[in-house]
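See below for the structure under consideration.
Chain IDs A, B and C follow the sequence of writing; residue 1 opens each chain.
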Amino acid sequence: MNTRQSVRNRITTVVLAILSIAWVYPIVMILFNSLKKENAISTDSAFELPLGDAWAGLENFQDAILNQGFLTALWYSIVITLSSVVLILVCCSMCAWFITRVKAWYAKALYFLFVFSMVVPFQMVMFTLSSTANKLHLDNPYTICIIYLGFGAGLAVFMFCGFMKSVPIEVEEAAMIDGCGPVRTFFCVVLPILKPTLISVGILETMWLWNDYLLPYLVMDRTKGYMTIPILIQYFRGSYGRVEMGPMMASIMLNIIPIIIVYLVCQKHIIKGVAAGAVKG
Amino acid sequence: MYYLNFKPEQDKDWQALAQAYTAETGVPVTVVTAASGNYETTLTSEISKSNPPTLFQVNGPVGLENWKDYCYDFTGTEILGELTSDNYALKDGDAVLGIAYVVESYGLIVNKTLLQKAGYTVEDIQSFADLKKVAEDITARKAELGFAAFTSAGMDGSSDWRFKTHLANLPIYFEYQADNIGTTKAIKGTYLDNYKAIFDLYINNSTCEPSALAGKTGDDSRNEFLAGEAVFYQNGSWEYSQLTGENAFTDEDLAMIPIYIGVGDEAKQGLCTGTENYWCINKDAKPEDIQATLDFITWCVTSETGTKAMAEDMGFVIPFKNAQESENLFVRQDAEYLAAGKVPVSWNFPTMPSENWKNELGSALTSYAAGMGSWDDVVKAFVDGWASEYALLG
Amino acid sequence: MEKTIKKSWPTFAAFVVGFLWPFVQGLYLSFCKFTTVDKVEFNGFDNYIYALTDGEFLHAFWFTALFTVVSTVLINVLAFAIAMALTRGIKGTNLFRSVFFMPNLIGGIVLGYIWNILLNCVLTLLGQPLMSLSAPYGFLGLIILMCWQQIGYMMIIYIAGLQSIPNDYLEAARIDGASERQILWRIKIPNVMPSITICLFLSLTNGFKLFDQNLALTNGDPRHLTEMLALNIYNTFYGRSGAVWKGYGQAKAVLFCILVIVISLVQLKATRSKEVQQ
């Protein structure tokens, strides 16, 4: 029995190892090709290593960073993601607190609306949302977080509410009796209890925001050249009669590398966050 | 003012001209260029913004149909008086809603040096039969010569307009000529066999296998031509600046010949010359912005700096009285053909029913080239698609 | 406590701007002919009549439905199998888990291009037509891409589900002489039922709403044959010019929205009834 089980375990390990290689391979392939010279990148030689004449060193990366506006796109991506995540966490946790603690019809109605917004596909509102954003000047990287707060509130409020229900109300009441106002109660008492959920929601929202394409593409003012990284990568196709594969693949790598670093550092939190988010959802 | 430019090739030149204007007058000008094949998409989303383009383009009567609610009437403006011919004003009833700002020509650009190596001269090609003979001979000796007849007929979005729009113009032109009409809601496809013949010639005598065309871009095709890998390159006068200059060709190496498809009096056929670029002003813009826009375009076509930039940097022939002589070889050639009594083929693709029609035709051509679809699908996209798209226009 | 109401108004205001108002306006505009929100002309049900008779839209619906069913089944079966393998305490479990989850962090556009490049190269090597020429390959490409991305995510949820089964259950079953297969069907699967419902729901809605990957991988080529609902709506909106198309697009979007809501309601009901049984 024991030997049979260990043989089976070994086979499983081998199968999983092969699968893992298949999982990593596409990224490795892009990495290799991003190190090749433009004229060495073609569908026939894509699987060859970047050696000899094909080796371009970091040329494509330089090109992507210096000439193709990668740094600007990176900056806008960071600004948008950070500001929106912080705003969503603070505002939605507070809003969820309100919804769970106020027993009134409008709190319930609000909760229902938030859950409803989670289900509605973006295409339903894409046109009207971008025109609204434009009219209210929410169409630049510094104010678009308000749009994200509105459109992304559903999931966050939903998850916070799910957790908040299990928090005993007594602690808060005690704090209130001790003379804390609602704001202080929220920040000193409620928020610390919420920490695990804050991390989960933060991670899910970051994953969405960092990679979101259509919303910023439609909402942001194109005349000012605002671009996030996904928009930049999409732009390599379809623009000005040429497809610069080298810089495009370099940009893809430059987009993936920070994600992988963050992932390696906070892997535990991310995986826990996803599992927790799913159980609540 | 804000100009949404249609022509990606001239993006840098427009930016420079806008800066020159700002330096001279202090009026800021924003120029945004839509990515190739995305003009309509960009215009639709930009026009609904609070800061919409004040100057945009339509491609002709069909394009105007979609945008006429937004177009300012040029009647009585200074720039209208500057036009060399009334034909360049795009009208809707009595209102002048668009002004053509560039006249261009396209045909087959020839690398004369290579053609000579193959044992021919430009004069040897006077008809489709000649072209076919030369091209097939070059293909037969491809290994020995070291080059092909045609650059890749790339069907990527950056290049497929050369075939789904520009090449498709020829069968449409000859059909209109035969039926004596200028536009139609139901195309018959009389000359589609000739369209097939020329397209077959392109794809079977090319630098690459027909199946690889789907992924080839406009740049691929130009680079092949620049690298001397092929003799013929179907494109237009706007390519001139990209083909000449440092590490490229001189006027001695190049020529542009008509695209023969074996219809009509080929001895008298000229280049395809016309326009699909009309300026329109957004009438919903603030009156002062409209005025600023009018001032800018008038300046572009009348001032020394403006006309010089348009003639030299952009290589345009502009249909305005103050236009400067163009340095562009292909443009000069067009004039020579005209002087020799040849009849230019007019641009009829502004009468194509929609962008969607072109896209469907492009898809069908791509599949056909790759051996995945039949020519019947192309014919269907051409003829049936035309009727159904016109039906949608109402 | 009622005072807190004042503290959540910013969220509500943003919600109105970012969702409620655009949603209501979108609903209204689906009955109109318009090119911008300021030039609107009421035209009743015309848009819906067009949307429901548009062959491309109907094709997109069936294509999306087929894609969703196939991808949901594949993703969940494979994710569950991997989760089973990773809960047996073999060496390298953590490493494998990290690797399988990784593609989730990469966005749809980037994933789409990665696979676009890779699959086209494979197809060229095999002497097959590119994805933009062949709808079956385009479909296959989308399925492979979705599996690659989503299996890791679902796997995490299944692992959490499997780990929450009390060990006593499994021990007791083993002592009673139950085979591994019986344990799987009688104990493991019934106990991870909540995880299964969640995963099914997620992969169903992800499949139906898919946009970025579709845009980057096939862009609907050839001839709209691999165009899914979201992309079809986008193309109707922004790919065509003319006064009628925005209205058509908005009507399609409303239909799409209703479809997604119905799926969610059915799912919710299924979940509720399961909970009652337990």
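As a working rule, contacts are C-beta pairs under 8 Å (C-beta built on N, C-alpha and C of every residue); 3 or more make two chains touch, one makes a residue touch a chain.
Worth saying up front: this structure is predicted, and the values here are computed from it rather than measured.
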item	value
Topology of the chain contact graph, where touching chains are joined (line, ring, star, complete, other)	complete
Chains most often in contact, by C-beta pairs	A-C
Geometric centre distance via CA averages, chain C-chain A, whole Å	16
Length of the line joining the C-alpha centres of chain B and chain C, rounded to whole Å	41
For chain B, residues that touch 2 or more chains besides their own	45, 48, 215
Where chain C touches two or more other chains, by residue	36-37, 120, 237, 246
Chain A: positions in contact with at least two other chains	43, 131, 237
Complex interface listing, chain B residues touching chain C	40-41, 43-45, 47-48, 63, 65-67, 69, 211, 214-215, 354-356, 360, 363-364, 366-367, 370-373, 392-394
Chain C contact footprint on chain A (complex, rising order)	9, 12-13, 15-17, 19-20, 23-24, 26-27, 29-30, 33, 43-44, 46-47, 91-92, 94-95, 97-98, 101-102, 110, 113-114, 117, 119-129, 131-133, 136, 138, 146-154, 157, 176, 181-183, 186, 207, 210-214, 230, 233-234, 237, 245, 248-249, 252, 255-256, 259-260, 263-264, 267, 270-271, 274-275, 278-279, 281
Chain B-facing residues of chain C, complex	35-39, 120, 129-130, 132-134, 221-223, 237-244, 246
Complex interface listing, chain A residues touching chain B	43, 130-131, 134-135, 139, 218, 221-223, 235, 237-243
Chain C to chain A touching residues, read off their complex	1-5, 7-8, 10-12, 14-23, 25-26, 29, 36-37, 82, 85-86, 88, 90-92, 95-110, 113-115, 117-118, 120-121, 124-125, 148, 153, 156-157, 159-160, 194-195, 198-199, 202, 205, 208-209, 211-212, 215-216, 230, 233-234, 237, 246, 249-250, 253-254, 256-257, 260-261, 264
